[in-house]
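Take this structure first; my questions come after.
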Amino acid sequence: MTLASPHLDILKEELCSLHAELIRWGLVAWTSGNVSARVPGADLMVIKPSGVSYEDLTPDSMIVTDLDGNVVDGTRSPSSDTSAHAYVYRHLPEVGGVVHTHSPYATAWAAVGEPIPCAITAMGDEFGDDIPVGPFARIGDHSIGEGIVATLKGHRSPAVLMRQHGVFTIGKDAKAAVKAAVMCEDVARTVHLARQLGPVARLGQTDIDKLYDRYQNVYGQHPDEHNGATA
Amino acid sequence: MTLASPHLDILKEELCSLHAELIRWGLVAWTSGNVSARVPGADLMVIKPSGVSYEDLTPDSMIVTDLDGNVVDGTRSPSSDTSAHAYVYRHLPEVGGVVHTHSPYATAWAAVGEPIPCAITAMGDEFGDDIPVGPFARIGDHSIGEGIVATLKGHRSPAVLMRQHGVFTIGKDAKAAVKAAVMCEDVARTVHLARQLGPVARLGQTDIDKLYDRYQNVYGQHPDEHNGATA
Amino acid sequence: MTLASPHLDILKEELCSLHAELIRWGLVAWTSGNVSARVPGADLMVIKPSGVSYEDLTPDSMIVTDLDGNVVDGTRSPSSDTSAHAYVYRHLPEVGGVVHTHSPYATAWAAVGEPIPCAITAMGDEFGDDIPVGPFARIGDHSIGEGIVATLKGHRSPAVLMRQHGVFTIGKDAKAAVKAAVMCEDVARTVHLARQLGPVARLGQTDIDKLYDRYQNVYGQHPDEHNGATA
Amino acid sequence: MTLASPHLDILKEELCSLHAELIRWGLVAWTSGNVSARVPGADLMVIKPSGVSYEDLTPDSMIVTDLDGNVVDGTRSPSSDTSAHAYVYRHLPEVGGVVHTHSPYATAWAAVGEPIPCAITAMGDEFGDDIPVGPFARIGDHSIGEGIVATLKGHRSPAVLMRQHGVFTIGKDAKAAVKAAVMCEDVARTVHLARQLGPVARLGQTDIDKLYDRYQNVYGQHPDEHNGATA
């Protein structure tokens, strides 16, 4: 695979349009969110350039790095969250996409360091459990990546609330990770609103298990199209 | 009636554009909502395909099933909520449209299992009562459909809050059911916001009765155009 | 003036585009809001037809009535709130426009029957006082109109929160009434959000008086352009 | 430099499109916000005309004033907040742009007179501290400008919550000030939502210092492109 391969071009285009989904679903303000994708069959990833506004993003402006975050292709600096994304790809080989946002309701839960209880069926479907809280970690070294991996490894949830920071989600590809980010904010909001009305009860564990199992194995058009909610 | 009839084509087009209303009014995230319509004069219904995003919906992608949820026409799987929709059509012959969403404010009420009190005139008009809570029911068999029908049969409200799940609405046709879903979220939000300010009082029963009677019988352009609110 | 006069055509066009502002600023769901305008120099008003969705409104679909609400021109029924609008025009000769919405935050205050305290300078500017609560009144006779007039006559505020119902605003013309509806929802939201944080203090009366006086007399481009906020 | 210089034309165009950002990010209702820019190399500023709606703004409608707020170029009155903007430019020579809004969550904090605690990493990055509260000051003389300058001079935060009024932000240019206004509302909302869930803890001072230092000095493409969040 060369860096000018058609395959990589398609990945850059996809990544560019997935950033527009972050705006569309209200997950980001100004430039505060990013999506990356593993390059299939290579120890490479594609990620948003740093500090560029979403409307100025083009497929060509996307940055290719190795899995240590070193730029391999691209004329700009990669997102300042690159080392966290890279850490995830190095340690979770099944992950093909990573998303980071400060979406407001999910970040509110992160700010108080409380997991979102699995209180509605949509959470059972998508997350199979409470959405967990990861450690506080300062940007700039591996500690964010470590916190994500330590929290999500072996966990059903594709989303982690990094304490007093924001959300990271993972998926088999970038689209699945974006979907997890959209659904995470959606349930974070619903359960937040419910809490204002009264006590929120977690679903029974058997119900959660059955919802999760059905959704991951039955739902959707094909095994590789697990990208809808309960529609 | 054949499955390629012009009548069915119009129904598919209508259903496709009604899904766009779910997005427009903020009722759904990603693919988490669906609309169906009974095919007039046949034991058939049309429904959204499963796990397909709203912008990819076309009239041709809509699925026709019988009232047991078996696919009669269409190349994809129908919505995973098909059996619930079908159950409603089998048991409530006057219903021509069904909508399911996880709209955030209404689902917050569902999460805590509390009916929305009929505290504002718009609720008297549209729902004629509190918006009731249905049982918790797991997807996959008839229990969701049973819960909807058991709650709404004989009730003025066209909307039910399925406990720890979301909203189902019914109507004489799909547009009326979509309108009920839009109004349900609207009043769920208003009454939620009111609750943050102080105690919310239900309207007097006589007022509710008179509001409901006038709205169902006088409002709008014609008896068959009961699709506005108090405008 | 004939009913086909160019003057009336312009008024209908203006009214049509002002209904789009209700959508744009999030004041209405489905068809639940309406705007009317007095026809200058005639005992007539123009108002939205009943139960018609906003995207289907055209200048030609607007209804002309006399100030008792009888249709003078138009093929549809006028808004079911026509008698309230007409009552206002009959009793407040300086009013040239009336708006009715169920905008969510303002209606939340109406639902608990609490005035919005004049706690921020934007309220001093626009409303010159708390936004008052009017009586509960059922649609169908003059009681809504009476409640609006009784509350707003001699009051600085162009907005009234009709108890357990919604908002009515007035203005020298329809645009001013729409602006008042937009600003009413804006301050209803801000003060609601403030209340979640802690006690909200009313501004001092001297400050309110000076803000109101300056805004009504100095602000804007010309005396007849009082249609901006503190921009 | 003449007032018809190409340089000034570009500044007016930029200012016009930055007002659209206020709408896009939900910071303003009707006409209630404004952006200004210092004219580089001159004792002049460009600002929004008073009471003009955002869709009617054109580069040509922008007003040029001296730093005492006297109109030098333009056919309309400048924003009623002109004296506050001018005061900031006179007393803070490093400031090239000023924004004023009544954005809802930030104004809610202003209404109760409480600083927004620096509880999430995005606040450490952008604001380097709590977002401070300035004094209550009535429009019409220098007191608003004085309050802004007294609060922000020597403070890391580019945003001040003027008590019971709204937000003013500053930046090296108008775009940076708009970014600060967008981020201020974003964190005001997140921390507000967090407060509904439970107690919100300020980040440790060392963490805040390191976040702020890295963001101001490392983040982004170039030293002069500090206009992204942690993307």
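As written, the chain order gives the labels A, B, C and D, with residue 1 at the start of each chain.
One rule holds in what follows: a residue touches a chain if its C-beta (ideal position, glycine included) is under 8 Å from a C-beta of that chain, and two chains touch if they have at least 3 such contacts.
As the structure is a prediction and not an experimental result, all values here were calculated from the model.
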Copies subunit C and subunit B - interface residue numbers shared by over half, same or different: different
When subunit C is superposed on subunit D by its C-alpha atoms, the rotation angle in degrees, nearest 5: 90
Interchain centroid distance [CA atoms averaged], subunit B/subunit C, Å: 31
Centroid distance [mean C-alpha coordinates] between subunit C and subunit A, Å: 44
Subunit B: positions in contact with at least two other chains: 196
Which pairs of chains touch, using the document's own definition: A-B, A-D, B-C, C-D
Contact set on subunit A toward subunit B in their complex: 25, 119-122, 179, 182-183, 185-186, 189-191, 193-194, 196-201, 203, 207, 210-211, 214, 218-221, 225-231
Of all residues in subunit C, those that touch subunit B in their complex: 28-34, 48-53, 76-77, 79-81, 100, 102, 104-105, 107-112, 114, 136, 138-140, 164-166, 192, 195-196
